[in-house]
Every structure is written in C-alpha cells, then in structure tokens.
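The structure appears below as structure tokens.
The letters A, B, C and D name the chains in turn, as written, and every chain counts its residues from 1.
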Amino acid sequence: MQNETARIEAFSDGVYAIAITLLILEIKVPPATQPLTRGLLAQWPSYFAFLVSFWFIGVMWVNHHRLFTHIRKADNGLLFANLLLLLGVTVVPWPTSLLAAHLGKPDQLAAAVVFNGTYFFLGIFFNILWRYAVHKRLLDPAAQTSASAISKQYAVGPLLYLICLGLSWISVPASLAMNVALAVFFALPPKKTMAGG
Amino acid sequence: MQNETARIEAFSDGVYAIAITLLILEIKVPPATQPLTRGLLAQWPSYFAFLVSFWFIGVMWVNHHRLFTHIRKADNGLLFANLLLLLGVTVVPWPTSLLAAHLGKPDQLAAAVVFNGTYFFLGIFFNILWRYAVHKRLLDPAAQTSASAISKQYAVGPLLYLICLGLSWISVPASLAMNVALAVFFALPPKKTMAGG
Amino acid sequence: MQNETARIEAFSDGVYAIAITLLILEIKVPPATQPLTRGLLAQWPSYFAFLVSFWFIGVMWVNHHRLFTHIRKADNGLLFANLLLLLGVTVVPWPTSLLAAHLGKPDQLAAAVVFNGTYFFLGIFFNILWRYAVHKRLLDPAAQTSASAISKQYAVGPLLYLICLGLSWISVPASLAMNVALAVFFALPPKKTMAGG
Amino acid sequence: MQNETARIEAFSDGVYAIAITLLILEIKVPPATQPLTRGLLAQWPSYFAFLVSFWFIGVMWVNHHRLFTHIRKADNGLLFANLLLLLGVTVVPWPTSLLAAHLGKPDQLAAAVVFNGTYFFLGIFFNILWRYAVHKRLLDPAAQTSASAISKQYAVGPLLYLICLGLSWISVPASLAMNVALAVFFALPPKKTMAGG
C-alpha cells in the first residue's frame, strides 16, 4: 500500500502525461498532392492548436501539482472530484483537433464554442476539487495562507471563462486570445497574482 | 528495488491512465459533408459511450485502489491475477467504440452483448484478484472488517452483470441503464453499501 | 532526486503499461458491409494476436519486475541495456498487427518470421540486461541463489526462440504454439522451473 | 504530498515513456497490393526513422535523469522550463513520421530540415532547463564538479545542432549522420567526455 494521495497523484500524472503527449498525433504528415514545404505551411492551424493545448494541459498539471502540495488526506469523494477533473483533461485533444480542422474556415464558430466551453467546464471542475478538499479539511493546516490565495484566484475562473465563451459569438480570434491570456493568468502562482488582493 | 506492491500499483496506474485517456481517440472530428453543428450533434452515441466508459474505468481504478489499500504482500500469482484484470481494463476502449458505432442502429444488440459481456468478465476478474489475495493471506491483518465488506459486495457482482448481459436480448437500453446503475453501486464504498448486511 | 533504480523502474513501467494498452487499438470496429456478428467472428486473428501479445508483454513485465527485485545499483550502462530491452518491448504492437492481418492467409510465413524473430531478439536483450547487471556487481549480494537460477533459465532462452523462429518455415501454427509455450515457461518463477537443475 | 522534484520526474517519465512507445504507431502493416516480404523491405525509411527517434528519446531520458540526480529543489520556473523541454520531446514522433514518409524522395530536404531543426530546439531547451537550475541554486551543493562538466558539454550542443541543421541543405544523408553522431556524444556521461577539458 502506498500513501493515499501519492497514488492519486501518480494516476493523475499518468493521465496528464498521456493527454499532453497524444496531442502530437493530431499533426499529420501533409498529403503528397503538393510540395512538402507548402503542405507544412498550410497546416498552421494544427500547430497553433497543438501549442495552445500543450500549454493548457501543462498549466493544468502545474495547478494540479500546486493543489496537491496542500492536500494531505484523501477520501472517497476526493477520488471522484479528481476523476471529474481528469475527465476534462482527457477531453482536451478532441476540441484541439476540432479547432485545428476548422480555424479560419466557415464553421470556426462551432469549433471555438466547443474549445472555449471545454475550458469553462475545466474551470468549474478545478473549483469543485479544491473546494471539496477545503470543505472536508483535507489540507495541510500549515498552508492556510497560500490555500486562501488559491481559493481567491480560482473563484473568478469560471466567470472569466464564461465571458470568453460568450466572446466566441462576437469574435472567434478575440475569444481565443482571451483564452490564452487566462492560461497565462492561471500559470502564475496565486501569491504573486493576489499580492494586492 | 521498490516495495513489491508499489510497483504493481504503479504499473496498474499506468494501464488505467492510458486506457482512460485513449477513450477520447474514439471521438472524431465530424466529416465536412455537413454543417459542423449538425455533425457534432449526430455523434451523440460517441459522447454517451465515452462518458460511460470513462466512468467505468474510473470506478474500476477506485476499486483497484481500494483493494490495494488492504493488500500488503505480493507473490507471483498476484502478479498474474492483476494482469488478468488489466487485460479486461485495456479491452474497454474497443467495446466502447463498437457501441458508439452501432447504438441506435440495427446491429446494436451484438454491440451491447460485447459491451455488457466485457463488464461481466471484469466482475469475475475482480473477484479472482481479491479472493486470491484473501486466500493467500496477502492482506493487512488490521483490515479484517472492511475486507469482508468488500468480499460481500464483490460476490454479487458477476451474477448482477450476468443478468445485465441477459437483459440485452430483451432491451438494449434497459441493459445499458442497468450497467450504469451497477457502476454506481460499485463506486460506493463497501461499508456504506453493506451497512445493513 | 529519487533512488536510482526507482526511476528506471518507473520509466520502464510506463513503457510496458503503454505498450500493453496500445494493443487494443489494433482491434477495429468491423466494417459495416456485413452483419456485425459475422464481422466480429471474422476478426478472430486480431483477437488471437491481441491475447498472445498481451500475455507476452505481461510476462516480460513480470520478468523485468523479477530482475529489478535483485538489482540494487544502476550505472550508465544499465540505463542503455534497459533501453535496448524497452526498444524490443515497444516494437511488439507492430508484429502483433502484422500477424493479425496475415494469419491464415498466403503471406502468413513472413508475418510469423517477424513475430517469432521479435521474441528471439527480446530473449537476447533480456540476457544482455541481466548479464550486465551480474557482471558489474549491481545485484543485491543476499540474492545470490535466486540470481543464479535466473541466469540458468535465461541462458537457454535465445536458443529456444531460435528453434521457434526456424520452425516458422516448417509450420507456422507449430511455431506460434511453441512461442506461446515458451511464454508460459518464462512466466514461471525460475526457482520452481530449476528445481531439478 | 510527494517530494517536489519526485513528481516532476514522475510526470516527465510518463511523457518520455509515451513518446517513445508511440513511435511504433508510425510503422504500418504494408498494404496488401504486393507480397508481404517486398512490402516489409520497402518500408526501410520507417525502420530507420523509428530506430533513430527511439535512440534520441532514450538519450534525452538518460540526460533528463542525469540532470535530476543533481537537482534537489524545484520552483515555479523549473516546472515551466521542464514543460518547455517536454514540449520538444512530445513533438519528436511527428518529424520522425515526416522523415519516414520522405527519406529518399524528392522532398527529403524539407523533412530533414524539420527533423534536424527539432533537435536544435531540443538542445536549446535542455540548456534553458539546466542553466535555470544552476542560476537559481536548485542543485545539490555536493555535485559541483559533475554539474560543471554537464554545463560544458551542454554549452556546445545548440551550436553543433545548428551546424547539423545547416548541413541539411548541402547533404541530407550527411546531416542525418551528424545528428546520430551527436546523439552518441550526448549519450556519454559528461565526465568521460570532458576528461581533457
């Protein structure tokens, strides 16, 4: 038997590692109907979607890691709250390939809605996991200050992603830019972000 | 050299993590022959099969985790009983894609039989692993009470899944509903389930 | 920094777990040109190849696990001897799909040669890893007896697999049967196998 | 909560293990339009690309392992420097399949430029990770000597890979040969390499 949260972390690390590595499968060898250089350039939406999704899964892994430096105990509910979050993480390669296939084409709105909507749900799932751990007192008691900084940063997440989702109907590029900006925001450690909060 | 069960758990975590993450590969980008929104909606059986299989693999991981909080020692037989269980786990993406391709279509009975049959075998494999560990006294002696609660809950599993399998010939939707209900039953910790047992 | 062999084991566990889980991707949903039941039955070579390869990778994982219960120290050479073995392990899904596509068809000899040849090389790579560890005194000194039982069992491996490979030209089914029999032999713990040795 | 670098290593091991295992998916079953033996031989660029990429990812794993035997502490920046490196690692299967599809054909120059360019960026990312750890004093203080040997070996990496990249325009085979030679150089432990430095 291993330590309870150690095995949750190991399983989650596996899921994150696979999801982030599978992304490259969406980038194909260009068909041989044109010169390779032109075929490679024509695939730019695939590269953009790959980089964005890699960055997102990476930031989510860093956040997961950050949460579990504070979580000391595990119960049955935490296992399922964590599974719900991992559900969102494993889904990411699909909206990525959807966006790669449709960015800059007539149907890009539907693809962007699915893409931004995925991150809206991910924001909610992160809050569920964290608030569950806080509520059930599964945290390291010594980490009170940084834990409440995380709570503050996460509280605004779903609202910001909802705005980002709504923005898709006004401008797809603007919504994608906001999505990337939000990923930068959640990459920063909460203490620094909340210095003035 | 690591602790004996630690490495079994690490290998199993890897298999679970990959099997649960590969599921998304079954959800395709809809073909460009129709508007994307309509194409996305037409894929609902894929989403249903994905969610059900994600939930099942997640519940099986939680159960595997639960068993190994009680298993303290490992021998050669346990390695193979665990491999047999992992065989069943790695198979799951295949009946999932079979169901996704045929649900609501003429051949859905055969797909549902394979799908429900997979879980019948998984129920048997879980029992083999657990009963082997009990019989060979590989358990933590302090965990006698919760171990016998698990034994009781698991004993009814194969029978219930056999009923679910038989139900496929009467009604495919009813058999799938029963399958999902069983997954909820095995998600619950055995103590609570067996409170009156 | 983790313990030296712990990280080799973790990396190897990951490779084994992925290789064994990717096997299912070779089993396809049958094309819709025929009734599903008939299509499922016609795929029997895929199921056979899947089960055999799952069993092989599982047995190789058990053997890797067994070796590393004796290996206490690691050096640069051990990292590369282990990588060579993992090269063979990651290759397994390919001869598996080759065999699945050609078993019972005119070109089955070439497929069987590649399949059996893969295991011949795996037998050699296991010997290289083990003999390197013995030669460089990386083993736990207390495990002298079981280590020499492993050495004896492994020494005959490449020769037996070479016979199995040669048998392909006489009879493909006989060579596959011998290959499966060898996997059973290497699944047994060396002490029992070598009781009379 | 686990040790800080332990979890970075576990996540990285997962990414390396998946990237190295996915490579085999690029080797297909030859189409049935020709005898299998001829089809297998015609696929030689796939085997070459597979072996080279397996070797590269293996060498990069050994190097990552080597760096983290010296890195004792982790901070937020290290997480992201490591993610940048992993980005390069997960990309490897794509230039591999590009090279496999075009080696020996008219468009091999573009494929070789992408292939060699990937390793140029990997050389830079390794330097970023290592120099960040040195600069932020995250290393084990006792490992000063071997750490500076690594610094010396790594410093020349990007320059050598830039020459290799430039060589593609003169001779694709020569650039690939140099790329393989560089992988051998970085496989060697830095102490031996730098014995006279």
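Observations
Everything that follows uses one rule, which is that a contact is a pair of C-beta atoms (placed from the backbone, for glycine too) under 8 Å apart; a residue touches a chain by one contact, two chains touch by 3 or more.
Since the model is a prediction, treat every value here as computed from it, not as a measurement.
Although chain A and chain D share one sequence, what matters here is the overlap of their interface residues, and that overlap falls short of half of the numbers used. A rotation of 90 degrees, rounded to the nearest 5, superposes the Cα atoms of chain A on chain B. Chain C and chain D have centres, each the mean of its CA atoms, that are 26 Å apart. One finds 37 Å separating the Cα centroids of chain A and chain C. The multi-chain contact residues of chain B, meaning those touching 2 or more other chains, are 10, 13-14, 17-18, 22, 25. Residue ranges of chain C in contact with chain D, taken from their complex: 1-2, 4, 7, 10-11, 13-15, 17-19, 22, 25, 76, 79-80, 83, 86-87, 90-91, 93-94, 97-98, 101-102, 107, 110-111, 114. Note for the complex: chain D touches chain C at residues 3, 5-6, 9-10, 13-14, 16-18, 20-25, 27, 29, 32, 35-37, 40, 51, 54, 58, 61-62, 65, 68-72, 140, 187, 189.
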